[in-house]
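Two complexes are shown next, each including chain A; its partner changes from chain B in the first to chain C in the second.
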Partner chain A sequence: MTDPANKPRRRFLGRTGASTALLALVPGVKLVDLALAKDEDEPASVKTRWGLLVDANRCVTDCQACVSACEDEHALAKTGTARLDPQWIRKVELVDESNDRSLSIPLMCQHCEDAPCVDVCPTGASFKRADGMVLVDKHTCIGCRYCMMACPFNARSFVHGEVTGQKSYSPRGKGTVESCTLCVHRVDQDRAPACVESCAVDGHGALTFGDLNDSESTVSKTVRSQPHRELRPDLALNTGVRYRGV
Partner chain B sequence: MTQRFVMALLIILSLATSSIADVTLPSYPKGKGEHCVEPTDVMRRDHFEYLMHHRQISVHLGVRSKRHSLVGCVDCHASQADDGAYIPVNEPGQFCGSCHIYTAVKIDCFSCHAAVPDAVVKQ
Partner chain C sequence: MDKIRFQVLAGTHTGYRLLLWLLIILIGIGLIAAHHMESQGHWVTGMDNRVVWGLPHVFAIFLILSASGALNTASISSVFGRSDYQPLARLSGLLAVTLLTGGLAVLVLDLGRPDRLVVAMTYYNFSSVFAWNVFLYTGFMLVVLIYLWVMMTPQMRGYVRSVGVVALIWRLILTSGTGAIFGFLVARDAYDTAIMVPLFILMSLSLGMAVFWVSTLTMCRWNGYRVAPELSEKLRRLSAVFVLGVLFLMALHHLTNIYMAHHQGIERFLLVDGGVYPWLFWLGFVLCGSIVPVWWFLDRRFCTPAWTVTTALMVIVGGLCHLYVTIIGGQAYPLRLVSGYRVDSGLYDGEITHYLPTLPELALGIGGVSLALLITMLAVRILPFLPTVTRPLPGSNQG
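And now, the complex of A and B:
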């Protein structure tokens, strides 16, 4: 989908991304790495900070596996009008205009520590869970869409019409804002998000999920030892989603 | 005068009782299992309190216990049609629908939440 409003931002990302050299993949890196699951009646803990590492070097330009996996997992049906379709994760092409080098990366809610969407929400519906996941409590969301305006990554969608066929673990409804939940229902059961799983199944392994606070997790080891970056580091949001090779 | 009053009262009462008798009381399919997560009279009066509490702790805190979750209600109380397909619990005559229609209390849970268990929704 071409969204003219996004063009300047994507170009900006492209320019900054091009300044970073491509990195080789570290051998032996596990694709999915989760801490021990919490008990089901135990609340999320501040000791955990869930994070997702995207390796742009491994992300394939035409591949949409993560996007379709997300749509299947959360029953994100097409509305028939492209600009109204829910989009929790999308593939973005970054082009360096000076030499035409292009990159493809998945872009979704970045699960910021200092999330602008949480700051602007008038009802407290947009909130950050103790373990760093930025979510929408649709019970209290009034659909004002301030969060959508505040998000620097254009990561949120608004549900414009009636929804049917929802999954029990992923309620969605008209008049509320929604975005990537890092598949919180799966993570609470010690499973990786659907996009991470599908990327691994396809053999690309561009997505690694895990606890950034756990020094033994692959994602935290990679983040500590390998160059990576947040998107829009100038905003100092301390995002939970990090990128390599961008 | 008193006689007339008593007669009128009797007529009114008989009219009232006959109209009550005409109303069909909610009837709904029996849920799975021996009994509900709480005694029936408690659930009748306070089910929304349990649901409200559970929604707060599950959405905001990440507590995933099943005891008072809406998904748990649907799993137990959704009944199946003859062809095996589940019927949404908010339909007339179904577990939620029957009483809510009777009491004229609109529920909006199922404008977002699935009203049938997952196995069937899954393609």
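And now, the complex of A and C:
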């Protein structure tokens, strides 16, 4: 006879199993592409260049799944004033100037190889990891906002007031600058960024994450075989985030 | 022949005392504003995630540029050997130090984390022009302090020219560094040009002379010293040349941008239909801050100290308008996020950002100006910066 007390546990196990199976199958989240589990003390390697491919053809105009996932993952609470809100990732609607075609893309830190924010930061608080992630050291950021002036994508936010409910893996601080971390805490545990995962769960699969240097990764194969672009190719930043269908 | 001597400001003029108290009150208000901004966060300012540098930066850069330019008279005196400028050289050096102090105070207190000043002094990223400027600003202060010491110590007179040359070169590099802060911003259409460097150098010469005029003529009046008419005439002509120089480079900058198709949007915004910015540019900077001052500087009907101070104040107001348009207007105009596409975001991408400075920002900026003036006024009471004329006794041959 089935013990009724086991029902919630079975339901939990069932849902977890289904979600895992879904994540393994949906496009964009190719967990097998990610590096094998590694020691948590292992430093980032130049052999890896983490990258993100955005397929604008798959991105749905009214969908905010990636934005919501990012806000949940990093506890990015709204301030009540849109112009002061943290915007690690935002949806941008574009209109092609040549034919008025509309499209929607998520826009976040582009994790540039030659990052202007890293160049201009006076204390080195904005830095690039060996694996290409552009991050902010919250302990040495003095809040001068020069990096925000330098970023070509308005991808950085300034923390204008007190923050509450911070996540231990994603520290934030009043008076410092912040931006998309590519969910470094997840990637270091061989998991995909929250936005990528949520886009996949929602069934759009517009985001593909992986190692651009790994010739076997999906992102690398797609970048090599499909047309794609950087948002501001004229600046020659060699961004880690690339766009298809733009 | 009259001999120039220097003395501390004698007595306490009523105007001096009133101004001193006013400055102390303004500094107090500025400090309260800075504390408010730091404790509450920058949401109490008009700045946001698009306009990240606001009114405090306008004041800070104005003071830093003026600091460099205020040294003009000392440089002409010691580097180019023009002894007729010597009476005003010490005051010139003093203003350079105090204005820079005021500017740096505003800059630091506007940081998101001013408590981390020690981090800014101990962690350096040498690819950042901001980091260079930390050295340039502190180094400039040190060089000018040495310059003043050498000027004020009779035994050190032989080194005045050498130190003056170092100070002159240093200040040119300093203003180049300040201009480069904007010139290196490749993503913003309003900046991203090497012309920012000579433009900022000329702005420093022009604004520094204007601040020098106002400060010097006011303090010399308290001291009963009258700037020689010939010297005044030369300095007025020099001021006019500097103002014209700024106007010329500014015209060149905008004309170049207008020539480039992808910069026409920002030019139209700043010069034609950008709301407050075209008004500040044409009326504030071009007319009141440049054309009229050049006319009054060159017309002998306006050569009295009162007119000269008025003209210099107009240059200062015009310079502030110019910096406001450059710094804030340049950020208010949206970025070209994606080449070949018009941004039509539900948020505020692709739109003009409306920035309205708040009282704490204004108070902080004015507090910085007040700090510079207060230190100057206290210094002239303590050390012999102000010139005075002593007439030789009949029959003596001192000269």
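Note that in this section the second predicted complex is superposed on the first by the 209 of 246 C-alpha atoms of A that agree within 3 Å, B and C clash if a C-alpha of one lies under 4 Å from a C-alpha of the other, contacts with A are read in each partner's own complex, and residues count from 1 in each chain.
Following the convention adopted for this analysis, a residue touches a chain if its C-beta (ideal position, glycine included) is under 8 Å from a C-beta of that chain, and two chains touch if they have at least 3 such contacts.
Just so you know, these numbers come straight off a predicted model, no measurement behind them.
Superposition of the two structures on chain A shows chain C fitting alongside chain B with no clash. Shared-chain residue A:A75: touches chain B; no touch with chain C. Of the two partner chains placed around the shared chain by superposition, chain B and chain C are both touched by A:K174. By the touch criterion stated above, A:C59 is placed in contact with neither chain B nor chain C. Using the contact criterion defined above for the overlaid structures, shared-chain residue A:V223 touches neither chain B nor chain C, since it reaches no partner.
A simple residue count on chain A separates chain B from chain C, and the partner touching more is C. By the touch criterion stated above, A:E162 is placed in contact with chain B and with chain C alike. With both structures placed on the common chain, the touch criterion links A:D131 to chain B but leaves chain C unconnected. Look at A:L207: by the touch rule set out above, it reaches neither chain B nor chain C. Shared-chain residue A:I89: touches no atom of chain B or chain C.
Shared-chain residue A:C183: touches no atom of chain B or chain C. Superposition on the common chain A brings chain B within a closest Cα-Cα distance of 11 Å of chain C. Applying the stated touch rule to the two superposed structures, the overlap between the chain B and chain C interfaces on chain A comprises residues 162, 173-174, 176. Chain A makes touch with chain C in their complex at residues 79, 81-85, 87, 90-98, 102, 105, 107, 116, 118-125, 140-146, 148-154, 156-162, 173-177, 231-235, 246.
Against chain B, in their complex, chain A makes its touches with residues 38, 40-44, 75, 127, 129-131, 135, 137-139, 162-163, 165-169, 171-174, 176, 184, 188-189. If you check the complex, the residues on chain C that touch chain A are 38, 40-43, 47-50, 52-53, 111-114, 116-117, 119-120, 123-125, 127-131, 134, 181, 184-188, 331, 335-349, 353.
Within the complex formed with chain A, the chain B residues making contact are 55, 57, 59-66, 71, 74, 111-114, 117-118, 121-122.
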